[in-house]
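Note that chain A is present in both complexes that follow, paired respectively with chain B and with chain C.
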Partner chain A sequence: MRVSVLLFASYADALGPGPVALELPAGATAADALAALRERPGAQRLPPAPMLAVNQRWATAATALRDGDEVAFLPPVAGG
Partner chain B sequence: MTAPGPAPDFPRYARQLALPEVGVEGQTRLAEARVLIVGAGGLGSPAALWMAAAGVGRIGLADPDHVDRSNLHRQLLYGPADVGAPKVEAAHRRLAEVNPDVRVDIHQVEVSVTNADRLVRDYDVVLDCTDQIPVRYAVSDACVAAARPLVHGAVSRWEGRVAVLAAADGPCYRCLWPTPPPAHAIPTCAEAGVLGPVPGAVGMLQAVEACKLILGAGDPLVGRLLVLDLLRMVTHAFAVPRDPLCPACAAGEIRERSAPAGVAAPAASPFPLPSEPPVSPSPAEPSAIEEIAPAELAARLQGAEPPLVLDVREPWEHAIARVDGARLVPLNSLPAALSTLDPGRAYVTLCHHGVRSRMAAEFLRERGLPRVANLRGGIDAWSDEVDPAVPKY
Partner chain C sequence: MSGDGVLVRDPIEPAALLARVAHDAAGAQAAFFGAVRDTNVGRAVLGIDYAAYEPMAAAELAAIAGEAEARWPGARVAVAHRIGTLGVGELSVGIAVTHPHRAQAFDACRFAIEAIKTRVPIWKREHYADGTREWVDAGSGAAVPAPAPVG
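What follows is the complex of A and B.
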């Protein structure tokens, strides 16, 4: 299946804002999307367990993905 | 609500009093509200300026810093003459210029876990406008403990974030990011860079959300994290539930999360939407309704058979300005009031500028009341030409 990944703030600074298209095996979870993302340059900026959303809803690494889903990774942001 | 304060400054707030969600009651709520702004920088500047201008009665500003020249491109509370001054003092001066009726409390301190509880307790709504992640956690935890809604704002380069946290049934900052990032893992504005209007836009949205919370208007950003990608001008609204395992807000305790006194519970507007007729009069029978000048109405009211003045404005307008002896019948309730009117009696319809009242007069005549005149220019002209003691709005 194919999922689309969006990156925000410092993650976007490191990896680009996306959307990044990822090809994942059937039954993949958000953790698999993260693992695939770690293959890309700049991914060392991603912490071990970044907060994420699936289809614009806060989710966890265990969340199962389906073809066409959108996964977003969001760090906290300091600036004010 | 606490004891009512003085009546709002009607001319100053006329354009927001006209909103059905505001009106006299809402403006009074704003005047009685106490808002704490943590961080008087790029977010706190627009938030404080807009809330002072809107008539929020008491604004607390907490910031330990002094104005730096590198602040001026985005922190519009300050000008070149303020460089070197404590931010809270310079901000106080600026806010007093914007609206001298606003009380400003200055707290020249870094908000932290040691003082956040005490600071937050004195306010109804808190705005997180800081640029420090540890301060964000401290303020969120204090707002959860005190049951104060927290309007979160944050920026990173071209990206902005807004959410209402620590509200009833909504998440807190720890629900979103349970684990604080390592120190220095998240770049500050100084490190990452920021375009001035980006925090400007986010701080303004925080002011809008704070006003909505005070007014009980609309749908605040509870349970939603708004992310603005202003470089691509794309917005995302992430659904963010409360974390049932959150150490701050869901640690097995049942907390009474009733809103503090200055915050309205979300509710329907107390006022119906005003029925705004077209500005131009109906082309049909343009001279059919007698139009009388304010002086003529004054003379008739002193005459042998004084007409009954029907004020067809909305209740909030009547609360601001009225003509003695007039009966308030808002335009959209006129049909229901028809049976109470005497066809043999003389009536004069009145509104703000004479347009809605002409519609009312035409309606009444069609329904069998022949002796109806319209006050030309409305209560505005009445104030100009007959009774200057009637406030204008």
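What follows is the complex of A and C.
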């Protein structure tokens, strides 16, 4: 499957804002997308367990992905 | 349960936000506004860039307004968060709540700002007097170190 990864704020500064297209095996989870992302330059900026969203909803590393999903890795939010 | 929550680029107008929730049975009108502060962790701040994962942030703001109305029946809630570059004193976030009674109006308003702080994907990059700009780490309130250049 192919998923699209978005990055924001300090993560975007380190890795580029994306979208990054990742090719993942069937049955992949958000953790697998994160592992693939860690191969890229700048990935040392990502913490061990970044917050993430799948298709614009809060999700976890265990969230199963489907072809075409939008996965976003989100720094700690700082609105307000 | 989606309510009146929006992401905006133009200045937040307090009177206009309150007008969205005012009605004749609302004996209480509570509001909270957050503004850009001139210092953070001891450093002089000249302005802040607010960035968002825009579609998700807009959806979360609307969901928070809807949840507040569901949790405090009779409340009407309007929420706006601004993105873009703001100067000191400009409003970054606004919440207006009406209810027949003040306790519920205050409580729903507090709920909304605390929810915004924890679950709306918005980030801020502070501009300092020395010309540098850094993303703020929400956990500590302190700026995060700039990353090493890519490549």
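The rule is simple: the second predicted complex is superposed on the first by the 76 of 80 C-alpha atoms of A that agree within 3 Å, B and C clash if a C-alpha of one lies under 4 Å from a C-alpha of the other, contacts with A are read in each partner's own complex, and residues count from 1 in each chain.
As a working rule, a contact is a pair of C-beta atoms (placed from the backbone, for glycine too) under 8 Å apart; a residue touches a chain by one contact, two chains touch by 3 or more.
Model, not experiment: these values are computed from the prediction.
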- Taking the superposition as given, does A:Leu74 touch the first partner, chain B, the second, chain C, both, or neither? both
- Query: When the two structures are overlaid on chain A, which partner does A:Gly42 contact: first (chain B), second (chain C), both, or neither?
  - Reply: second
- Message: Applying the document's definition of touch, where does A:Gly16 land relative to chain B and chain C: first, second, both, or neither?
- Response: second
- Message: Touch test for A:Phe8: chain B only (first), chain C only (second), both, or neither?
- Response: both
- So which bits of chain A does chain B touch that chain C touches too? 6, 8-10, 13, 53, 56-58, 72, 74-80
- Item | chain C partner contacts - residues on chain A that touch it in the complex | 6, 8-10, 13-16, 41-42, 44-45, 53, 56-58, 72, 74-80
- Seen from chain A, its contact residues with chain B in the complex are 6, 8-10, 12-13, 17, 47, 49, 51, 53, 56-58, 72, 74-80
- For the chain B and chain A complex, residues of the former touching the latter: 39, 41-44, 128-133, 136, 153-157, 159, 161, 176-177, 179-181, 185-189, 192, 194, 199, 225, 227, 229, 232, 236-241
- Message: Give the list of chain C residues in touch with chain A in this complex.
- Response: 34, 50-53, 55-57, 59, 81, 92-93, 113, 116-125, 135-139, 144, 146-148, 150-151
